[in-house]
Structures are given as structure tokens and as C-alpha cells.
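Please find one structure pasted underneath; my questions will follow.
Chain IDs A, B, C and D follow the sequence of writing; residue 1 opens each chain.
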């Protein structure tokens, strides 16, 4: 293409690795970017597995030691998609090596890790991004525009749930996502973090929170071989679940709005039910990730006899990102939120502008996660 | 109440008898009518059954001979809610006796009966009404207003289905609604008639039609004792089904719009799925009787980024009839369409105005039914 | 009908008075009760208004002094549908006079009032009922059956919202429902109480709560003449809003389940959005009052390839109450929940059985309301 | 990958060219195919445009003369994605050159073209496929399984609509899709063909049809420069619309089932509303392309109190194709139907098996299109 080439090194190759790989592969084909994204190196500890993954996903090289990727002078961007316990070390090393750092959320397993990471990228002056990819759904972009343009008026309420059911069976094994030392937390960091990001994106910072983290199933069979994107085989030995199965909290925003948040992996029948509603003085909106091409919108300014929640298909040229894909009504999917995020990230990086969302967002998100955890312990409201 | 009292005699006491009784009982309590509606006499051939029904539904008197009801000088309105084969005789006699005649649809079992009935009420100069009650749902009234005010622009399409499943089981018995000599037709007159009325109400007269009537199950167990609103016990003897199980047709309207109509009792899972959609140059609307408090509306005149089908809850004071019931969002049901119809009927009757819908509507409806039947026989388009 | 006649005296004739009147008028026509319900006396302070209401709603007599109704030996049941500040005095007097007492919710404006009322009916040994009418929707009855029969397994989550918008406009006047001395509280007792009742009905007692009551608009124009079911004219003088605009809380149930509750009158576009979801180990259910004829149900026991939330139309003979009305798919409305409640109440009363829900339910509900208020003040969890 | 490489030459690079290109680029990354698909050559008449498109979409070479692509011995598969008037010539030449031929639908602009094309591929013994891609949505694959396994019982009804609105504005210009000599027909071949394919796929062959093709807007501004996926600039000169704006027909299937079909570009608000419902004796299903990850399913075999249409998210490992993408509840989009189609096509091609759908399907589809056109002319039923 004659464009400047940006070489990416991706650390991690499981679920998020697959999603990120796809986005790197596709972003230049749907967007006319100022740079050409090159899938340089995929990194994982298991050489056979990472080699197979690289072939499947389209990476040019493989590596088993992330330090070599970070040290490779050809590589411009380090993408950190490992389990959470490795994020801080890799990201900080990458920043210190002068690489741009794109990191999965939550950026650290603790607030202090997140803070150290933020300081590292800021000290190094490198571009940084966090994969709060759901911001980048066209329907969410439209939601943002409706709020920012004042079409919803003063915002009174934000209410969000993120409901899944993949561990509702007590015999589902103790995979790494259920171990605090690796994952940091359970639903809280994994999916509550997503709706917290939505809240911050749409309404601004939270002011105080009061919440509860809860574990319904305290012991599970230890995990054997991985057998699915999120699963593994169950062994005969039991182990302790050290993360939350559900996390919920009330919040006040600095703006004066009220919020409710609930995340769980025990909502049988709910697969990826990330849903939120915003109520403002002039209107309301509703988003549901399972129907992510749609935004529901109610306008108090419609004629009195025809007010109602309308289902907008955010698939038209006027909607954020949608014009890069297919004609109206031809939907996109989960994977495209990553593509859109990368399109923005590479565009802003090349222009020397702040990427959104970045480690500041990652850190602020983690401040909320941390405050909710403390509230759950102290059984009272916690100020942010 | 000090108002003029209007005495009603109702002929028929099964499903429609129950629905009409309820409406007569309720209409004065929800509407401030110019008259007081009095439930004078309920008439049915089985004395014990009609006596029990009268007690249950609130009628002051019972009668087993409809001719006596028609002849009773105290009675002002004759409501004909018998099976279709008795409509013409009763309605004509009532008209000739100077009574107002309110009749279930389709008014006759044949077009010539309908014509004779229309002539009779016109000759007698008596008020007349037909129970196309779905016109009177608030959401349908709103639909009518949207079309009449031009908010949908030029209408291109009307597409309607009326789907039920209560006889899909081949062992369901041969009740009277499946016998041509009593019911006149099957789905065609029973439920296709309803969506035809909607079409005429909303878009005006049809110009030509091409259709098909079809019977999937040609023999059924003969019916024993009635055991439900629409059902009966099956006997061991088989009998011939002489009506259609499904009826569908294409249409052109005089306005230039196109229409599709489909009625069936073999849509397993569909209980009372009377649904239609209208597409105009400026917008579209959708109605579904199973969610009869709602109207979906799409406006091409909305800002380009927020167009979508909105779900209007037609439960507010600005919506037809809705202000007579409960606050916004507190829904009404099937029975209220009859109450609304009677409210209009008694109001117009007292004011000396035409009731809508009336026998003209009943007759025009039957012209369409008849044309579709002829088209089904001739296998070609039929002009109305 | 030859049945024992039960005479009812209704105190209060506005929104709830209209709904209750309709239910007393209709209950004998849809249900074959052991008694004949007689609408004996309607009571209100404004003689002209109560006289008009009695004529409209079908009451035989009117009275302006509730003490006379309570003292009338002909009257068997006192229905208390006044604003909350009068409940306790009337209900206690009625109990002491040996009347059955049917009372709107919340039964008292404070927990101590509720306690006194409960003691009074228990001491007098009179039948008592509270109008938590939404329990009586067929779809809710079905929900109860699904839970009780174990078809949802162990219950993990209950999440409920009750969203309205009728005071979202800051210029909406300061009607009595916004004055603590009359209404007791705002959304909390008015609508949060409804979803609390659902929670108790479906999952049993709560164990601890943590919540927040909030008032967005602290001053409003004082109210002039009543001009609508819930509204009034705004005057030029401002007054203090002394109740909550929104109320939300987290909860633990004694069973170990978790709950979230949110009630607001500031959810623009939400008219009567009383919606809850229950997640159990074998399935989940969702109810939304605006589509109250439907229950969504997901069963983990369905074949793996066809699992999904099904929309059950709870309008069939197999569903609670539904067989008393219309054929499948012909919906009922808001008013029928009151009719069903009265059918149960009169049946149980005549059989000498406990009515459900009764003042025990009213009192337990109020214990939750009270605990949430205390939590909102103390900013920490409160044990019930 | 060490696999056999299959070289593809794609003729056409506009909307379908983009969709096909994406699918060729992605298919090896989501599926473990027996071959490696190589994007060899993109062909279009405008050299600058095709060169830009090739760079954007990832093709190795460009060509402006399709004959050279067909003649290129390196190329194994010719993909025909031009406007319809060029299909026959290219496809036949490709077959004669021994290439596999993958062709957009409808395969020809006339039935005789389709027949010639089918004969050509059969005579040449080359693999052939037609892009009826919607068969390949996971939810549609599930529908097929439900029917084939007998879980819907005897099928009574198929009813389908394909509603769009992109030319509802009379000032939308006369693009090539509105010109019979290029496009062959309007909605009929473009979108009716899709729902006809669904009907054939799910229920088998049609037996007779009766239909109507209609043009609402008979003159439009001639088209200037292309400015969108489907659009162009309007000029000041008017031209004749020579295709249908809407096409609808009734059908009988050989199985005895009944069908209704309607396609239009004048359904304002409907963007890509390809929706169908199948009713069988044991259950029903509904599919809507705008929510293509979902299938609605009603089973008469569910317990009587919990029957309802369930919304299955066809995103789980048990659903066709879904396991190749993301975890449950993480949706895919329009583009993935093409990827799935290619995965099947290359797999079957390599195995020497018939590809489905192929030119036989294309031809049978066109027999239906042709019969409906003849019926529209003769105004009577036409036997297939």
C-alpha cells in the first residue's frame, strides 16, 4: 500500500488472542488507515500451540518468550492479551522499551498494578490503549453522540447488567478465570469492568459506590486440559474458588446521576447479556450487546401521540463505523468492535493524539473496581 | 343516572355472547354516554344454559325464542351473536320490527344474505352496527389517525396475517365452526374477515384479489358435548370438514397499494396472532393483537441517525379511548375493544349519526370474502 | 343468585377507588364465587364528587364520613383506598368493628402503623387482605408455580425495576403523592413496595438490605385542582418535595439468593415498567407488567440446541385465572389483577382460610421498606 | 500451511465483490480447511478502481479483461459477481475452461440463461456453487436440522417477506439494479430469490405459484456517479424503470404445504428485513435476517403451561458453524454467511462432493422466478 508499516507483537493466543488477531488482520481491509498494520509476531509459552495459532490467525513469526518480543526492535506495538497476572510486568517492560502498549482489561490485577502501568506508559511517553472494545460498537457510538449532543437532556439514571451463565453448573471446573492469583477477580474484573467502562464513557466519573461481591459455589473440580474457548476438563480433585461469582453495586456519579451495576456468571440462559439503560430528562436509551447492532431510543420531544422506544439499526452510513462495512440492515458482529477500536488506535497513534480508551481509562476503571471491593468488605459506601 | 335507558336483547350466549355481555355491562362505567345501557334480555335455545348465562353475565331476563325478543316492544337493540346461519333471518326480522341491529361478523354466511341484511336495515331506517371490534383498539385508532393525517404519506403496502392453531390437531372435533352450513366458511369468514376489515378501515376499498382457500384436514371426529369456549368432545364417528383451514390472497387496492392476507388455524404456536403492517412513503406501522396496547411506528421524518420502529404504548390520554381507562402503561385487554365499539355505537345512535363500522362495512367486507372464494375456484384474479 | 350477599364499603374513590370498584363489579361475572359481592357504599369527603363517582362506578349508596361506613352493620368488608395517612386509623376502626379489612399498599405510612394494623386485625380475628394485586396476574401465578415446583432449581438472583416517568418534568406539581405527611414516601412505598412484594412472594424473606433513597427535584410548584388520574394543575407557589424520586437497594435473601431493586419516577419513556427476572440453577424467568400477559422462561433442561427464552402467553386454560376470561391469545389487562385478587379473597374469606396477600404480607413488606430507609440514612447494610 | 493452494479469480468488485473478498480472506482463519484459499486475481473493467479495490481487499493481482482471468491456467475457481447480464457468458466460459464456478444469484437473467449455465458446468464436470449465502447462517442451519429431524412435524405453512426501502424515495436514481437489461429483474431476482431459496432449502420444491410483479415508480432520474454501496448521484434526465419494485406470490409446495412470498424495496423503515416463518404440526420457527443470530422456535411438545416461542441464540458450539467463531452470545454478522458458504464449498470441492447450493439450486430457483413472472402476466396460477 505504500504506507508506513506498523509491526505488532501479540502476547497471548487464546480467546482474546483470536479476537485481537482477527482485528489486526482485518483493520486495513475495512478502514483506510494512515498505516499498514503488520502481524509480526505471536507469543505464547507453548511452542506447538502458539505455532499452530500463528498459522491459523495469520502471524508471520512466533515466539515463546515475551521478553524477546518486547526487545525486538522491529516491533512497534506490544499487545498484552495474557491472563491478568502478567499484564503489569509485560506492559511496563514494553513501555520502557519504547513500544506502544495495547492491553486487555482490566489492565492490572490490582489498583497498584494499574497505577504502575499508567505511570510507566506516561513516563515512557508511548501510546497506550486498553481493549474496552464495546465502546466501539456503532450503537454505542450513537449513544455517546445522543448524550453529548444533549438529546437526552440531564442524565438521571444509568442501570447496567452483564449476565452470563457459563459457570452456573457447580461441576464446571476451576479454570484460571476462577483463580484470584491469576485472574485478579471473577465477574468483577472480567465483566463488571465492561459496564463500568460504559458508565464512565457515557456519564463521566463515579463519585461513590456501595457493593457486594459474592461466591455461590465455593469449591469446584480442578481443571484439566483446556477443551473450549473458556472451558476445560474437570478432574477428580476439588479446589477453592477464590474469585466472585457475582458482583453488584449502587453508585452515585459526580454529575448527580444514580447508577446500578450487576455482573454475574449465574444467570442461567443469559449468554452475553451486557445491557444498560440511560434515562435523561429528554429521553432514554437502551443497549444490549446480544443485539449489538441496535440501540433503543425514546425521545420526549417526539409528538405526544407517537412516543415510544424505537429500535434503531445502527447499520447506516450516518452511524459511527457502520459505513465501513455493509449496507443498512446487514449486521456486523462481536469481532468488529475490536476492528473499530484498532482503527481508532492506529489513526490516533499515527496522528500523535491520545488513544481512547487508554491506560487512564484502565486506571480509572480499576479505581472503581477497587472501591467496590472495599465497600463489599466494609459493608458501607466508599467514596472514590 | 337520569339518562334515557336503552334496552338490549342479545341473541346468543357462548363466546361472543360472553364478550358482548361484558361490554354492555361495562360501557356506562367507563364512558359518560348520553344513554343508560340496560341488559334487558338474553336469548338462547337451551333454557337451563341461557338462564345460567344470564345470571353469570348480568341480564335481567331470559328468553328461548328469538322471535319473542324481536317482538318485545321494550327492547331497543337486537344484538345478533348466534352462529352465522341465523344472522340474516334474525337481523332482518329485527330491522323490520324497528330495532337497532348490532351483528357479529361476517354479517351473513353468503354475500346475498349480507346484501339482504343491508337492504333490510336501510329500508327500515334503523341504526346498525357490525362487531369489527378490533378497529376500536386504541393502537388501531392511532394507526388510523397516522394514516389520515398523512403522517405515513402515500401507502404502498398492507400485509396482514391472522394466525391461530386451535384446530391444528387432526383429532380436534368437527365443531360447528368447521361446518359450512352453520359457519359459512372457516378461517375465511372468521378471521380473514377481521384483517379485511382492517385493510378497508385503514386503506379503503380493494380493487381486485387473487386467493386460495385450503383444507388440510378433510375429516375429523364428530363433535360431542361442548367443553370449552371453542371446543367440544370428540366422538368416535368421523365427519367431513366443509370449510377452509387456511385462506390467503393477494390484493390490489383502489388507491394503488398492494396487499397480502393470510388466515390460518394451523399455525402451531400462534394463538391469536392478528398482525399487520402498513408501509407508506413517509413511514410504516405494525400492529399485533397479542400486544394490542402497542403500535410500532417508523417515521422517515425522524433525524437520520435515530430512525427506527418505535413501540408506542397506546395507553395515554392522547390515544383514542385510552383516557377512559387507566394511567399510562396500565394496559387494557381484548374485552375493551367491544366496550369501545359500544361506546361509539350508542353515542352515534343517540346522535342520529352513522355507526362505524356498520352493515355497509359488513357488506363490503363480504364482497371481498366472496371475491376471494370465487378466485380460489377460478384460479385467477377477480375484480371487485 | 341465591348466594350469600357480602356488602362492601369502599373508602376512597380516585385512581385506586376506580380500580377497586371495577373489580367488585366484575368479580361475580367472571368467577363462580360462593358469595355475591354487593357494592354497598362508596365513601369520600367531597359529597358531589363521591356521588358522581358512585353513579359512575355502580355503588348503591354514598357516604362522606368513613366512620359511618365502618359503623354500618350492613357492611361486611371495608376497603381502605385512601391516601396512606388515613389507612391505619380506618383499618383499625374497621377491624374493631368486626369488619373484614381490605387495604391498599403499603398498609401504613410507617412500620409502626403497619404493626398496629396487623395487631388490630389479628386481635379482632377479622379477615384481612392487602392489594398487592400484581401477584394475581396469570403470568405471575405461573412464575410462582415454576419456582415452587422446582423447575427453576436453586434460585440465585432476583433483579427488579419499577420504572415510571410521570414526574420527570420538574414543573409537574407537588401532588399529594409527593408529600411525606400524606403519602409516607415516594417511589419507595408506591412502587418499590410492589417489587418487594414480588420478591417475597417468589423467593421468600429478605435477610439484609443496603439502599439509597434520592430526590432529584427538591422543589415543585404547589398543586391546584386535580386534572387527571395522577395529576393536578400547577400553581405559582413553590413547595418542598418531601419524598424520594428514586429508591434502589441491594439485598440478600434468607435463602442465599441475591437481589437488586430499583424504583424511579424519572425514567423518561417508562410508563409502568415493572420488570423482574429470576435466575435459578435450572432456568430463568422474566416478567414485565407492560406485557403482563406474557412470561419469559428459559429452561436449562431443554435440548442443548434449542434453548432460549420463550415468550409464554399466559392466556390459556392451564394458566392461573386465565380460564375465567377469554380464549388463548385474547389478552386481559391491568384491571383483571384486582378481579383475581378479589376472587381469591372472597373465596378464602368464605372458606375461613387465610387470604393471600394479607396484613402479614403488608407488614413484612413494610419491614423491608423501613430497613431500606434506615440503610439509606446510615449508609450501610441493615439486617432485617 | 503446507496445504494444497486453490487460486481464486473474482470478477466484480462492488458490493458483492467486497463481501466475497472478505470471505476468501477469512475462510482459512476460521475453518481448518483441506486447502489454502489464495486470493489470486480481482477483475473489473475500470483499472484504477479495480486496482484500489484489490489493494483494499487483499488480492494479489488485478485484471481488466475477464477472459484473461478465465484463461489463466493458475486460477482454479472463477467467482462471478458481476451484474446479472454478464453471468451466463462468464460462467459458461469458465466452465468450458475447466474452472470451478462460484456464481452470485440469480445465476442468469433469464431461465434460459440459467439452463445454459447449468448445462455448461454439468457438461464440463466442474464444481459449481451459487451464493445463496443465507442458508449458511447458523440459525438457518438449525432451522434445517429441526425440520429434517422431524421436530416440526408435517409442515403446513411457509411465509416469507424480504422488505427493504432503499429506493422508496421517487428521486432515488435509476441505478443498474433498476434496469432490466442489466439486472434481469428488480426485487424479484434480487431478494425474492433469497426467500425462494429458503423455501426450497427448508420445504423442498414448489408445485404451483400465483403472483404479481409491480412497479410503483415508473420513472426516475438517470444515475450519475456511484456514491455508495447501492447508490449513485441523480442527474436531471429522467429514465424508465424497467424492473419491479415489489413482487409477491402465493404458492403450493409439492409436499402439500402452502406458501406466501413478498419482496419489496418500498417498505419504509425495513432495511434488510428478510423474515420467514414455518408452521408444522409439532412446532414453528421464525427467522429474521436483521437478527440473524437468533431463531425463534415453538414446540408443541413442551409442557402445556410453558409453551411459547423461544429465542434461541444460535451462537453455541452445538449450532452449525457457530463453534468456529466466538463464545456463546458473541454474535457474528452478515459477512460470516459468505465465509460459511465458502468453507462448505471448498471442503466439498476438495472431497469431490456436490457443493450445496449449486447451479441446480440456482436453476430451480430461477424456474420459480420465471413461473411467477408468467403468472403475473397471465393473472392466473402457473404450474412448475
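Just so we're on the same page, a contact is a pair of C-beta atoms (placed from the backbone, for glycine too) under 8 Å apart; a residue touches a chain by one contact, two chains touch by 3 or more.
This one's a predicted model, so the numbers in the text were calculated from it and none came from an experiment.
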{"item": "Contact-graph distance - origin subunit A, target subunit C", "value": "1"}
{"item": "Relative to subunit D, chain with the most remote C-alpha centre", "value": "C"}
{"item": "Whole-Å gap separating subunit C and subunit D, where each centre is the average of the chain's CA atoms", "value": "54"}
{"item": "Intercentroid distance (Cα basis), subunit D paired with subunit B, Å", "value": "41"}
{"item": "Mean-CA-position distance for subunit D and subunit A (Å)", "value": "35"}
{"item": "Touching two or more other chains - residue numbers and ranges from subunit D", "value": "270, 298, 307-309, 313, 316"}
{"item": "Complex contacts: residues of subunit C adjacent to subunit B", "value": "1, 15, 19, 21-22, 25-26, 29, 32, 55-58, 164, 166, 228-230, 270-273, 289-293, 313, 315-317, 325-336"}
{"item": "Subunit B contact footprint on subunit A (complex, rising order)", "value": "142, 145-146, 294-299, 302, 304-313, 316, 318-319"}
{"item": "Interfacial residue positions of subunit C with respect to subunit A in the complex", "value": "153, 156-157, 159, 161, 163, 165, 168, 210-212, 214, 216, 246, 248-250, 252, 256, 258, 260, 262, 264, 266-270, 277, 279-284, 298, 300, 307-309, 379-381"}
